[in-house]
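You will see chain A twice below: alongside chain B first, and alongside chain C after that.
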Partner chain A sequence: MISSVNPALKMVAILIPGVLLSFSFDIFTPLAYLIFVVAFTFMFSNIPVKKWLLVFTPFVFLALGFAWMTMLYTSEGFSGGSVLFEFWWFEVTTGGLMVGISLALRSLCFVALSLMFILTTDSTKFMLSLMQQFKLPPKLTFGILAGYRFLPTFKHEFEVLRQAHRIRGIGRAKGVKGRIEQFRRYAIPLMANAIRKAERVAIAMESKGFTGETDRTHYHHMTIGKKDWAFFASIVGTFFIVIITSYQLGYLNIFGRQF
Partner chain B sequence: MMKQWKLKEIVLMSIFGVVFAVIYLLFYFFGQGLRNFLTPFGLAPFGYEIIFGIWFIVSIIAAYVIRKAGAAFWSELIAGTVQVLIGSPAGPQLIISAAIQGLGAEAVFLATRYRNFSLYVLVLAGMSAAVFSYAWGWFQSGLAALTPGLIIATFSVRVISGALLAGLLGKYISDQLAQTGVLRGYALGKEWQEKREKSAS
Partner chain C sequence: MKNQHLNQGDMKRSNLTPLIRVENLSFDYDKKGPSLIHNISFSLNEGEVTLLMGASGSGKSTVSLCLNGLYPEAVEGYSEGNIYFRGQEISQFEKGELNQQIGIVFQDPESQFCMVTVENELAFTMENIQTPREEMASKMDDVLEAVGLTDLKERPIHELSGGQKQKVALASVLLLEPELLILDEPTANLDPVSSLEFVELVNQLQKDRGMAVFIIEHQLDDWISFTDRVLALSREGELFADGSPDHVFQKYEKRLVSEGVHLPKDIQSSSLHPATRTTDDLGGETVSIQNLDFKRKKKTILSEVNFSLYQKEFVAIVGENGAGKSTLLQVMAGILTPNKGNITFLNQPLKQWGEQSLRQKMGFVFQNPEHQFITDTVYDELAFGMKLNGTPEQEMKEKIDELLRHFQLQNHLWSNPFSLSGGQKRRLSVATMLDETPELLLFDEPTFGQDAKTTEELMSMVLELKNKGTTIVFVTHDMDLVDQYCERTFVLNKGKVAFQGSPDELWKKEEVLVEARLRLPYRIRKQRTEAGEVYDLVR
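So, the complex of A and B:
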């Protein structure tokens, strides 16, 4: 299952194809990899399809918008081929269309990879494994976890602020200037409170003996085992298989150069 | 490298990272709306560029308040990571872009050896983050496939946005926070305190 893979290694496994995919400008490579990622997500996790689609669908539209924009503004290096149609002062060529579709598929690949990560990863475990596997300083790890913990309390504080403003007779703002002033009225006290809390938490941590030493003991041990490497190998390995297949079929296109 | 940091400074930086992660995420959706609005005019590429500076602001604020080596880089990296944790659709790639933007801002502060935090330097840091992030975007989101004219236009808009929304706004917010007195334990608050004492005497 993907949810039991070591989160830090999972992140690396997803980043490698995520970065390398940026080199490809053809249609086949991102499409093949996208199909693999989606299939892999559903085979090895119990994310409900409905939930996944709910998050994924908006990005299909976004990707289409991106493809449309790229098509209209294709640079000369990519806009080869015949002119398909003209639109206002834009000329859409087959080359432009191909690059547009490729970039849309690429961004969908990124989204699918991210969803695989986000929907299967516990944030606390992610931070702990960053500390234990990647040797992130404990001061930083626990600092972030403490900050993360405050997130839900902001909503409550915002509510309190709103009521405090109201009881003093400050209503809703009108106009752009009023809106900006209103934003300032909420943002500054909210942040000031957060800063006070940060100071208090830091003092509490130190008074309870937290020194930030790296040779400390851990309550939750994060490990990397065979299963984690199997996940890593299948995500990264498949990417290279896709690249090789794409190369042999003659589709591979890196930065506008056909191979 | 975090040896000379106090724990409270690290926690403060983390909190900044968390708070701005939420703001960044909100602006992501705001940018989406802006872009949809501009699409019919064929100006969709500018949707994000206009507000791009907001994504560098935490670097400026953290560096300006804490004034230690690495503040700009780490705070931006934390904001990027937390954004992924709270479910940004941009995904783990965001961590890399955040690191690069942070490096962009950090480079300017490093050049002044963490001694000069005037408005001029802060604005420059915002602009530098914009340049770094554009270079990365050129590579990552396939900007290479766009016409040179559009690239120059979006690049200039992003740099200006970095100067205003990150540099100028970042300084304004930090100064407002210092005025409330909560930053007394940090470098910026101490500077304010000194100023106050001087004007009183």
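So, the complex of A and C:
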């Protein structure tokens, strides 16, 4: 199961294909990899399909938007090939279309990879594993965790503030100027409270013996085992298999250079 | 029983070297002017329960953080004098070493944790003091059992109630196995029954483990029965009393009252008498609520609420945390819309009121005064409503002058509202609602965490308004306040009105009280104890 993979290694496994994919400008490579990532996600995790689609779908539209813009404004280096159609002053070429579709597929790959990470990773364990595997200082990791706890409180406080202002006779802000003014009115009490709370938490942490030093024992001992490397190998390995296949079939295109 | 306990305390004191010795401690955030804490000296003895009193803002919490060496470094303050832990100057301890000897539970349940679940939070403490991993699980189970939270081990902390959160804080501190346990107003944000539970838990743990306990508090009642010694801090940051509770309360009664400390009700009981609850001279109907339902995400918060409120009436809405009290208040104020039912305000449906005229006739005071401030100065804050209503300049100036005088804010006309003291903020938050005398004034737990003086000031302002004809509604946990001031009270339990009527009637209905987790006011408890009836809600 993906959820039990060491989070730090999981992050690396996802970052490698994520970064390398940005250089491939053909259609085959990202498409093949996208199919693999989606299949892998559903085979090795119990994320409900509905939940996944709910997060994924908006990005499909965003990706289509990207593709459309790229298609219309492809730089000359990529816009080779015959002219498909023209309207107004735009000229859409096969090269442009290819680059556009490729970009959309690449964006969807990033989204699918990120979802695979976010939906299967516990934030606490992620931080602990960054600290234990990558030697991130405890000061930083526990700081981030403490901040993470504030998110629900922040939302609640914002709600209360909105009500309090309504009681004082301030309705919904109108216009840009009104909105800026409203933001300023909300920001000061919210910030004042956040700073005070952060200070209190810091003091509470120190009073429980937290020093920020690295010599501490670990309740959750995060390890990297065979299963974690197996995950790493399948995610990164498959990526290179896809690249090689793409090269052999003659599709591979890196930065506009066909191989 | 109590005297016997005190004598034990006296004996302990004479036999042992002090656990903590504070000599001529002064502290301030900057070097200008008189210091916040001024030249105080005292000792805390092994195994002794000591209580520190003082009005809010007198520097009580600061003292506790000086004891474990976090202050002055953590806030870049200045301090003078010496503090010794078992004879050794605290600056000689290594970082984190002293914190293991001295555990602190803080006031705010929301901001003393850094992990999401109870389990991880407790683990955090043990990791800090390098408990070997093999021992962690059993230690965690032991401490959870000691505080009675075994079932909540895997729950996220933010889903717990305030009382449960404070128990988690206590548990994580106990894992340090401290010699001294400092409790910094740990029950200030809890409802009365949770608060009593917490106090009894501390009492039990102290007896079992024999550690010294240092309590900082201005609501003394529940603690005083097992306190060995009392210290009192003045507004000027000087220590003016140190001795057994009986001795201190006899000798310094007047001084304590003038400092704004809540005296134990044992001593001030002469001044506690119920309101004269006349319902004859009430005026017309202000609010009428019929068949009200309110749901939040399909979860029913309020159901079938029916009642009317009248002019010149002081009504309290009481009940456990989460019973729907604040929601009911917000629905009455028209800032939440009910799913079903009718609300009539001054004989006109609430929905038909224009926003501006509604806000003129109705005021709402929030629990945290800071939420209500929207401008940069006290003057603008008071003028805000009047400017919105288009009040003429001259009239506005006069009105503001009057409000400033009345609420003793003359010297802070151009101060930023956020820079005022706790009591001043509370007064200003009420003053902003009074640009015109409202017909209905709603308060959401206005006396929470306030010292005696602030509470008293607030109540006299409220009574004055009531006599002018305003209907007053308090959401509160303070049953003594209900007993002392209110004509009627509504008990909310799980979203339903479980009782409505005079508080005197309510005190007789034990079933309702137990169900809604309410405590009797001190006056009634005392009467019943004297009559020989044993009454304790917690067990």
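Observations on the model:
The rule is simple: the second predicted complex is superposed on the first by the 259 of 259 C-alpha atoms of A that agree within 3 Å, B and C clash if a C-alpha of one lies under 4 Å from a C-alpha of the other, contacts with A are read in each partner's own complex, and residues count from 1 in each chain.
To be clear about the criterion, a contact is a pair of C-beta atoms (placed from the backbone, for glycine too) under 8 Å apart; a residue touches a chain by one contact, two chains touch by 3 or more.
All of these numbers come straight from a predicted model, not from anything done at the bench.
Partners chain B and chain C fit side by side in the overlay (superposition on chain A). Residue contacts after overlaying the shared chain place A:59 against chain B, while chain C stays out of touching range.
Residue contacts after overlaying the shared chain place A:152 against chain C, while chain B stays out of touching range.
Touch criterion met: A:192 reaches chain B and chain C at once. After superposition on the shared chain, chain A has more residues touched by B, the comparison being chain B against chain C.
Touch criterion met: A:15 reaches chain B, while chain C stays clear of it.
Within the superposed three-chain model, A:207 lies in touch with chain C and out of touch with chain B [touch as defined at top]. When the two complexes are laid over each other on chain A, the CA centres of chain B and chain C sit 70 degrees apart as seen from the CA centre of chain A, to the nearest 10. Remark: least CA distance from chain B to chain C after fitting both complexes onto chain A is 6 Å. In the superposition on chain A, the residues of chain A contacted by chain B and by chain C overlap at 123, 146, 148, 188-189, 192, 197, 201-203, 205-206, 210.
Contacts from chain A toward chain C in the complex involve residues 123-124, 142, 145-146, 148-149, 152-153, 160-161, 163-171, 185, 188-189, 192-193, 197, 200-211, 213, 215-221. The part of chain B that touches chain A in the complex is made up of residues 2, 5-8, 10-15, 17-19, 22, 32, 35-36, 39, 42, 44-45, 74, 78, 81-82, 84-93, 95-96, 139-142, 144-148, 150-151, 173, 176-177, 180, 182-183, 185. By the touch rule above, chain A contacts chain B in their complex via residues 11, 14-15, 18-19, 22, 25, 55, 58-59, 62, 65, 68-70, 72-78, 88, 90, 99, 102-103, 106-107, 110-111, 113-115, 117-118, 123, 126, 137, 139-140, 143-144, 146-148, 150-151, 154, 184, 187-192, 194-199, 201-203, 205-206, 210, 212, 255-256.
Chain C makes touch with chain A in their complex at residues 65, 68, 70, 74, 95-96, 99-100, 102-104, 106, 108, 110-117, 120, 123-133, 136, 157-158, 169, 172-173, 176, 330, 333, 335, 355-356, 359, 363-364, 366, 368, 370-374, 384-385, 388, 418, 432.
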